[in-house]
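Below you will find the structure I want to go over with you.
Should a chain be cited, it is by its letter among A, B, C, D, E, F, G and H, assigned in written order, with residues numbered from 1 in that chain.
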């Protein structure tokens, strides 16, 4: 509730249109739906322009279905991330038309063809270092694609064979935003960040073993990138990277 | 060197305007200046639209001066970050008109009034949690201001007194990009990220003590933010956050 | 055994009522029952006013039953925490009237209706950030409820949608003690701690992934909380938080 | 601003006593004073009943003086923690009657004799393991004493000579709240927590060397205490422990 | 091979009893048996007076049997530690008279009644804090008992109920050596070490959860023990503690 | 106070020799001297046979002198460890005959010639890997020597030149107890532990740099030693190793 | 593509043999095969002289087969490392003549008899500390053997029985390169590195438990080795060690 | 002492040329010089072909001089690494002709012109990422140069401006061995390792700040390098990298 709305409500109180008690009630009426186990934040799309997303870990399939139904009252489309294989059947039974990607463990529920037309001119690429990073990269790709972004996949271009990356330089330079996904040494965002001027979101993955495993090595590499202006999300957080890319789409400035 | 330039060069070889040997030389002639101890990357501004910046740690004052002179051959203005107090005098002797901010340890050298006019409509705010975070916040502020961005400072609005932040909600919502600086519990970006739709760059600071000191606690908090799409730079890296904000200014898409 | 009791015993030795040998025996007779594999501390409730609790990991179902029986000789009710699903049947066979909560993995054995009447005026709330934190929150809730505390559940009010929490401010302010449970960024106790004056016990949960996973991120956030006077228990330790809340109920001072 | 105040304000708008614009202004007028570099939260004492405290690191002596002056407009007394030795003279020049304790690095500024009379019946003890822990223990002691609490110091009673502690059992049992300060193995709170029923706040100190130094060893010990219901604050955080003890004084329940 | 033996061998060369080539062979003939996959160190018992022990992880049941057979050529008895449940049957088939303890995962193979008579006067106690530590404590107990040591088990005497431990003070003081096993806060060795003068070997266990889990918390506690002269073995290393206790049995000095 | 003493005291109460009140006083009179800032544990030598030792960090020179004086009332000799260079003069002024070793930062105060004659037959060696480990090794050496142990120094025999160690095999085998001090890779105790049957106390030192610096690398090496029965003390804890060696001297068993 | 090739191509453009457009195409035609999910780097063998290797984690059996087929178009032989047991059957069905080693989880596919004859004079030994390190050691051995190196296996020669290693000194000294594999204390490379002058590649393994488990302890030991010039690869990385040994085979200098 | 020498010695015993006692003495006479505080390993150069090096930390200037003198009895030249600035004068007084490099903190003492002529054909390059890495890089350079290696310095070619590195590809490919020094993200060795077939020794430096500072980030990056066969030395260990490069010079195999 912003200042304009508050002023308007207060004017209605002043004019007698709304009683003080009713105004108090409206001010208190928060824009979320209480489901008992979860407060679905139904106004978030309005406030932030983000796609509705259910973070599935810790929720039963039945709970995911219930939250999805509640959110679909307000939105055309809902994502559910990190859905477990054993939950897929029950969710699909509730939403037969839903799309599920097993690699990304992502459900897209609702009107699959609904896109934000404003986003179609926004060009993003998801760049990944190795085939083992594909699951994380694909989670980011699908959220961006289903949100309406013009997406490019540039996969398996790790720095140990630098010519594979350099060959795509022109394609990289055409994008508005890059998500760069890498495990092991996590060196790819540093090289990419030195080639392009656009935003680079680095996603470390838990690919690798031994010292620095679980994604710690690429996370630290990316935080210490010698290419200026690289930002980082948490390990394996393809969803977070996609959401960050969608935040950048809101920048209203004329491009430099 | 992009594809067009390469085609043109090859055409000149075909037409005899340029000999193969000379073409080889041009292809090899890299756009950097060899200073013996450092390869100043003089074409970076052209390639990336970023301000020229010297990372001072490990360099003597004399070396900083020499690199700055080399970069000023190609750029109107140069930043030097993390300059030590004992180096200030020698650098100022070489560049009497330069600006130095002791809190941010930042030098701005060259034409101080030169701004990128395209950036003046780009609105950024730097939000900080406590007075101890000011040094890092100010480093980000100065780089953005001297680059020409319309900057807002929103300081000392930590979450332990949440009303201080909520009072600025409208101001926060007007920005194209937010840099949120916080030490100790690092909780501020999560709250801010839930209030706005624009990009949020979180900067953990090394403020605090005990377990998680040195900035580890706020870094982990920010990587695990429950507000979607927050991205993070390294601890105390105000410079990196400013550079990321400048990358977002290049997004050419119409805002959503 | 306090000073008065010791003086009395010594007086009985002086008067010949008790022989030196017998006095030695009494002094040595410690108030615990030796079960061979475990010394059940049967006098703890008397000494500390705490509910009897069996920490189940490392014990077989048969051992849990045996310890519970021994403790029920002295107490009306016994809790068993972290009981494994495969142990439930055997324990229930021994105590058919016992209550088991699968989410909290908690058994309540004995007289379920027995409450400490003094505690009914003690108002506690358990506040949780997300649905994934429910298991830990529920463990705390059940121990407090079965101990007789007046309990309020305020769930799913994480800081990324700060309006959900602010809407409950009045309810929060009415409590004598708050337990705040959060995973991921663990920012909730900082915001709550700034809103209320009563004790706040922060419980980090192992919800989240990537850097700082396993609860390390919220633990560090909470230890570094910028809201003064927050105290912390170990990760996922809902039981410990409830026990701490019960300790506060012993404070005899008139409230400020 | 609570519900009653909001209803009253809205009624005044309805009755025409207050215009909508003025009501908006009042709702927006947050209870803090903007000093440029810091938002002094002048209403905190009112809201939380806590003593006003300035966390000094990162502030100049001049800034500490300025914030203290601003806070003294609303409070009788102000604490400044972790004041550096080189800042003492300048602060004392501004507040000649102020008390400074060099070991605890604590300033008490304002009316030193002003105490909260309600707190005089609240009995707290600060228990410490070794002489090296005194600095942290003393910070907690002074804040409690100057706030008006009835304080007991029980120092140098580490567990390696357990008889020193057991000798004080009766004294320990008489307290409403215990703060237990220990470095090295951090074992003292576990033993104390098994002897008493009242709240126990454990403070790890950075005393010790080698593995687990900097306070990590006692912090982990205390988080893993086998005595139930122990809570923990950050390493060397004597101030935080005192603030937590003051929070417990607000519990209005009749003691069990 | 010590100096005397070398002198003797060289004398035999000088006298012609042994040829230089044969002497070279003897010098080179190392006291181990090559089994292809493992060099069984058959002379270790002779050299060190230790019981023969097979560390099972990474070995198949067949390999354990083969190494055991090889060692039994030189020793009366062999231990196999950390044997997996699924390997028990195959090993027992090869050694029907062997003893297996499932809690300690320990096999004793060979002449079970063979004891080192010199060790019968050596009094050791294994002290443990909680029932969850029993597996590790029992591994130490069995190796000491089967080696012939006079063993005392003092279990479930954690510091949270300090009277349970103090009641055993006399028994503790009668021992030549104490092994103290504890998880969670690991505080027990500090208290025990303050009560007795004899060697105290501290064994951290991986009992507990959250921060410092996996035994890190008690390990750090024990390394930082404020009781002087406590030594520590690795987490869950009951075997190592028993071997250390056997090393102390070799001290030939008259006791102080 | 042991059982015999308690029985005797109780008998005296029974016979009227001692009144109950006086007995209570005696039972309460703990064997420590309260110095205000520190409880000097004056009976420890009696109870444990250990030398009196003052851990200096956190104490002023004046406090060290005061504690030393108090302890010398009961003991012939007192050690003060980790004395800072700037404290030496003041302490020597108070005890002109005291011995100070600058490398080990150790003071020996009192009757320097007083030795425990029983210890003269107890043979210990301190083995060190490199010259940088000498400070820690010397702390252990001096405490053992001044306690009366027959001491051997075997220095600079690191494993990178294994022949230096093997040359001393006979000398190593003659000892009752070995303290092995090593930094960097910490490999020396593993090799030594395989050569001898006697107790081996491993002391990691903070020698080295980079990953695992501060002594973490050798500490982990030693805890994971593949030579069975090695025990470990904390990093740089030469004092603790010496105290452990003195504990072994109390073993009364005939050597194996 | 090196300078000579570029000059030649440019000359052909100058002479009209090749059109500018075609030259551009050739320059852009990178030597990798795009399989959709993976860019097989088919020219790597040519460029680096290394064996073709597929890192299997994250790839399905079908994908491994497809990449292997693509690589076999250019190479005589392909390795697949870390193949899961459940993938073996499907891969063998595609390549019936392939060799699979279950311990090393390694597939060798293609012409098994094809060796690089130049490598037959290159003598390497793989040295391992314990039987539990065999899996890692064997991975290194097989890659070296199938590449044509003259390989020696020296297994189970850990430092706790130093004579087992010293007995092989002559064999060690004959090698051109040593790979030393060790878990637990990781001390073996330090001793070996002091005995030989040739390159020593240290491989820490994840053998062991407790503090420093997962291979951290031996990794840190090896990085801190007091034997100069030891280099280290990641934990359990037998493949990387073999590849490093093959890199050394390219050194063209006459041996010192 | 190898097998041939042992056989010869034994033959002389057999023939009476040498008495058994004398043979024992010779066998025992180890090739090191006992200086009291350090065993200078005077035969190491003979055994390993390495330059003599004194690791200075923990040694006084006088001790460095004494060890250097002892080593110069057997060698033409001695290095002293990590010499402190305050030690330089005293050492130079003893060796006026010695060379000291302040950046690398390295002393070269003895016959500066003495080089190993065999090494002159061995081509090494030291590659560094940024100017802040120069100190570590220079330590490696000087040891290699003074040992006689043909050295190339390729400095300031970090991956954020990848064209600076690619421009040197031909030079990189001509080397027998590469030492690659990098701090911050440590990505350089991965890119270099993909360009060349020769050995690559990666040296992480402690350049950088925030998470992963002190060199941990580049160390983990390098251990996880996706370029196969990269080996790593400890953080800032330029000396170790040079020694490893010298070990590779001993490989006698014809290059592949």
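Basically, contacts are C-beta pairs under 8 Å (C-beta built on N, C-alpha and C of every residue); 3 or more make two chains touch, one makes a residue touch a chain.
All values reported here derive from a predicted model rather than from experimental measurement.
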item: Given subunit A and subunit G, the chains that contact each of them; value: B, H
item: Subunit D and subunit G, separation of their C-alpha mean positions in angstrom; value: 59
item: Whole-Å gap between the CA centroids of subunit C and subunit F; value: 41
item: Centroid spacing, where centroids are CA-atom means, of subunit C and subunit G in whole angstrom; value: 55
item: Shared interface positions of subunit B, touching two or more other chains; value: 3, 130, 161, 210-211, 216, 219, 223-224, 228, 234
item: Which pairs of chains touch, using the document's own definition; value: A-B, A-C, A-D, A-G, A-H, B-C, B-D, B-G, B-H, C-D, C-E, C-F, D-E, D-F, E-F, E-G, E-H, F-G, F-H, G-H
item: Residues of subunit E defined as touching subunit G within the complex; value: 28, 30-32, 37-39, 41, 44, 55, 57-59, 63, 204, 206, 215-216, 219, 234-237
item: Of subunit C, residues touching subunit B in the complex; value: 129-130, 158-162, 166, 184-187, 190-191, 193-195, 208, 210-212, 216-228
item: Subunit H - residues contacting subunit B, complex; value: 130-135, 155-157, 161, 163-164, 167, 207, 209-211
item: Touch list for subunit E against partner subunit H, complex; value: 3, 6-7, 10-11, 13-14, 16, 19-21, 23-24, 27-28
item: Residue numbers on subunit E that touch subunit F, as the complex places them; value: 2-3, 47-50, 53, 116, 118-119, 121-123, 169-170, 173, 176-177, 196-201, 219, 223-224, 228-234, 239-240, 242-256
